[in-house]
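Input: structures, listed below.
Each of the next two complexes has subunit A plus one more chain, namely subunit B in the first and subunit C in the second.
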Partner chain A sequence: MSDKYIARSTEIAARKLGLETIIIAAETSSVFTLNEQATVIWEAADGVTPLRAIVEGRVCEKFDVTPEVACRDAEELVTKLTGHGILLVSDQPLSPAG
Partner chain B sequence: MPTLMDGILARAQRLGVPISVHLDLTYRCNERCVHCYVEHEGNGELATDEVTRILKELASAGTLFLSISGGEPLLRGDLFEVIEEARSLSFDVYLKTNGLLIGPEGARRIRSLRVHEVQVSVYSHRAQSHDGITGVGGSLARSLSAIRLMRSLGQRVIVTHVAMRGTEGDHPGVKALANELGAVFRIDPTITPRLNGDDSNLELNVGRRELVEIVRNPDYVNSVEEYCAPPAPADVATLEGVSCSAGFTHCYIAPNGDVYPCVQFPLLCGNLRERTFKEIWGDSPRLKELRAARNRDLPVCSGCSHLSLCSRCPGLAHVEGDMWGPSAADCEKSYARTGIVPSGSPRLAEGKFRYWKEDGIHDRNTEGTEFR
Partner chain C sequence: MRPNVGAARFGSAPVSPLGSGSLPCKCAVPDGVLPSCSSRAEPGRVEWGVLASHEMVVEIGGIPIRLLTRDPCFRKLLEDRYSGFVGSDSSKGATLEVDLVPAGRVTEADDVTVRLEDRKWVIERNDFHATWDPRSRRGAVRQSPNPYSIDSTLRIVHTLLLSEEGGFLLHAASGIRNGTAFLFSGLSGAGKTTLSRLAPADVTLLTDEISYVRQERSGYRAYGTPFAGELAKVGENVSARVGALYFLAQGIENRIEAVGPAEAARRLLRNILFFAKDPSLVNSLFDSACRFVRRVPAYRLTFYPDERVWDLIR
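Then we have the complex of A and B:
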């Protein structure tokens, strides 16, 4: 996993509901729900913490998953969320998300 | 089949989360719509810093969907400051306005703040009728100008048409206008009593024939066959359920900070100048009482043949005298949908209607309401 930085888009609305997160993209009137694991990554997406550190430090700490599997799943999640414009990704640190 | 949103609302109810809040910032208005339920003199307004504090409390409580309305919310000089704060707290913001004060800069700010949708009421596509209802000459032209400005920036706009006496038959014209503007059209055939209990505005409801035409119109209902089908017998899930989210996952905050289960449910649960939102939402005896009852506990409706399809409004029932009783508006709507008299409301078989009269003529003298 290369060093990627991820930040939550400020264009969307989001709220944690129980252990999951609800995301609303007003632009497309779309609704997304993130499960508990994806919510951990979402909450840590501050633009300055590398994705690798998020996966190793938070996902693998909290869930019974190997770093390889967690990294692969995280990459897939980031690709999907980026495709919907609700997560920003860069090779460089991004402006910190609120 | 349940949607993703149905699942989210069900989860919010299980967790006791007020996922949706309606916030009126002011009761002041620059229109005087004949059917309006609001008393424009109001009872005071929260200051900007108080609204900001409340927004933080709502975010902390789990609220996601925030409808900002009034009165006319743009009469508050701090409206954009409030929306900006709400968006920074990641609320999904919905704005209801008549648009009279929205010029190019206002439209640009609404768009840049990523307001999910802006709802504007259009009572008729004919200026004389619309302006007659709002009491403001030129108001249709100004509302349409605001819609055009917002649409030119890509803002999602909902045109809401309240069907009422004097504009019967205008709904296709308003729908065509909405289409031309690139806005979404919604129709509401229900005029409800004023918040102060005065129900004289019910005489403005359209006649029963017009109501039936609206609720069975395939242009306004996803599936007429499904929406107007005879009611199925109530199953366990229906009996264990509730007909409305008011007080469960939704609440209303008045301009002075009073908290109610819904804007149509005048059951005061607390004031946000005296207590935090968390305290009111969690500790209000009235909210606890409301949440304790299920459909099976309703003395009349639990045994009604229409229980499985009825959208009984406990707020209107409360205004009518008993929040656990039937709400006449929903009994009449359910009858209009199905053509079958609800067993819980046998008076309808005798033609006794409160909201939508058979001939459109109410008992009261309505000579003063001429809109054409």
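Then we have the complex of A and C:
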């Protein structure tokens, strides 16, 4: 996994409910639900912490998963969320998410 | 471990046609012709001066809306349609002025559309055109003399009013039992009317179609509405604190399962009446839904359509 930086889009609204997160993209009225694992990544998406560091430091620490599997799943998640426009991804650090 | 995202679409835009049927004014005339009434000029004569304005107050969910019309026959129709929800205090609250036109297409919009123009909401469908100013809480609607158009306008105006205070209209039947209100939510075909029809005598039915929910300091309150569904029965004009929200599904047995807050919010958003694409309104309703599921327990109610399902609702 090359270093990627992820940040939450400012065009959405998100609320943590229990261990999950619900997100709405106001422009399209689309609603997304993140499970507990995805919520950990979402909350850590500050634009300056590399995705690999998020996975190794937070995901692998909290869940029983190998770094390889976790990185692959995280990349897949980031691709999905980026496709929906609710997460920004870059090879360079991004402006810190609010 | 598998981080996952589920996607859905928020809101159910169409205003469903009333199943309750019209309550025609006794002096109504065939489609295409304005009702004859005392405020209009007799044939062959020109009536000068200001036409009389007839008003009535429709109070749903404790929110009065004054309806103004120049036509006493239409006012009579409204009194019949909203019987049980006619208020008396016209000094405060919102105002809608109704301008009647002959039956036929009023606009080209087949589906209801709601948009902001110059800080006013424009609401239209092929049978009506309405504007609503949220600051002055005044609006105007142009429509033919039928109850369906004004009903749709009222639903949307109430949605806009409720969004300012954390409430919403919900595709849900609701009823009061032992002093507590229960909401039974689902889109068309989920069983709202069936469950309402099976309600025992000690249940006060608030609606079989559109539930009216307002936020209170310590929770939420559900109100009766005149927005009837297939049961064609206007709800009782009473209210109670909301005790639980049930998402309906029909099955071979009666079963209740708890629904987590995120799932509940997602399902709730799917069933909230929602018309406008305006981002601030979307965010407002999103917040309302999230607050609601934090404070009101939500369940999935699978039921076999007989009266025993009500044994579970206490």
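List of remarks:
Just so we're on the same page, the second predicted complex is superposed on the first by the 98 of 98 C-alpha atoms of A that agree within 3 Å, B and C clash if a C-alpha of one lies under 4 Å from a C-alpha of the other, contacts with A are read in each partner's own complex, and residues count from 1 in each chain.
Convention: contacts are C-beta pairs under 8 Å (C-beta built on N, C-alpha and C of every residue); 3 or more make two chains touch, one makes a residue touch a chain.
Computed from a prediction, not measured in an experiment: that's the story for all the values here.
Touch criterion not met for A:6: it reaches neither subunit B nor subunit C.
Judged by the touch definition given at the top, the superposed model places A:37 against subunit C, while subunit B stays out of reach.
In the superposed model, A:59 makes contact with subunit C only, not with subunit B.
Applying the stated contact rule after C-alpha superposition, one finds that A:15 touches each of subunit B and subunit C.
In the superposition on chain A, A:80 makes contact with subunit C only, while subunit B stays out of contact range. Of the two partner chains, neither subunit B nor subunit C is touched by A:71. When the two complexes are overlaid on their common chain A, residue A:26 makes contact with subunit B and with subunit C alike.
Partner contacting the larger number of subunit A residues, of subunit B and subunit C: C. Comparing the two interfaces of subunit A, the one with subunit B and the one with subunit C have residues 13, 15, 17-18, 20, 22, 24, 26-27, 29, 31, 33 in common. For subunit A in complex with subunit C, the touching residues are 13, 15, 17-18, 20-22, 24, 26-27, 29-35, 37-38, 40-41, 59, 63-65, 69-70, 73-74, 77, 80-81, 84.
Touching subunit B in their complex are the following residues of subunit A: 10-18, 20, 22, 24, 26-27, 29, 31, 33, 98. Taken together, the subunit C residues at the contact with subunit A in this complex read 1-11, 260-266, 269-270, 274, 277, 279-280, 282-283, 286-287, 290, 293-294. Against subunit A, in their complex, subunit B makes its touches with residues 4-5, 7-8, 11-12, 15, 17, 19, 59, 62-64, 87-88, 90-93, 114-117, 156.
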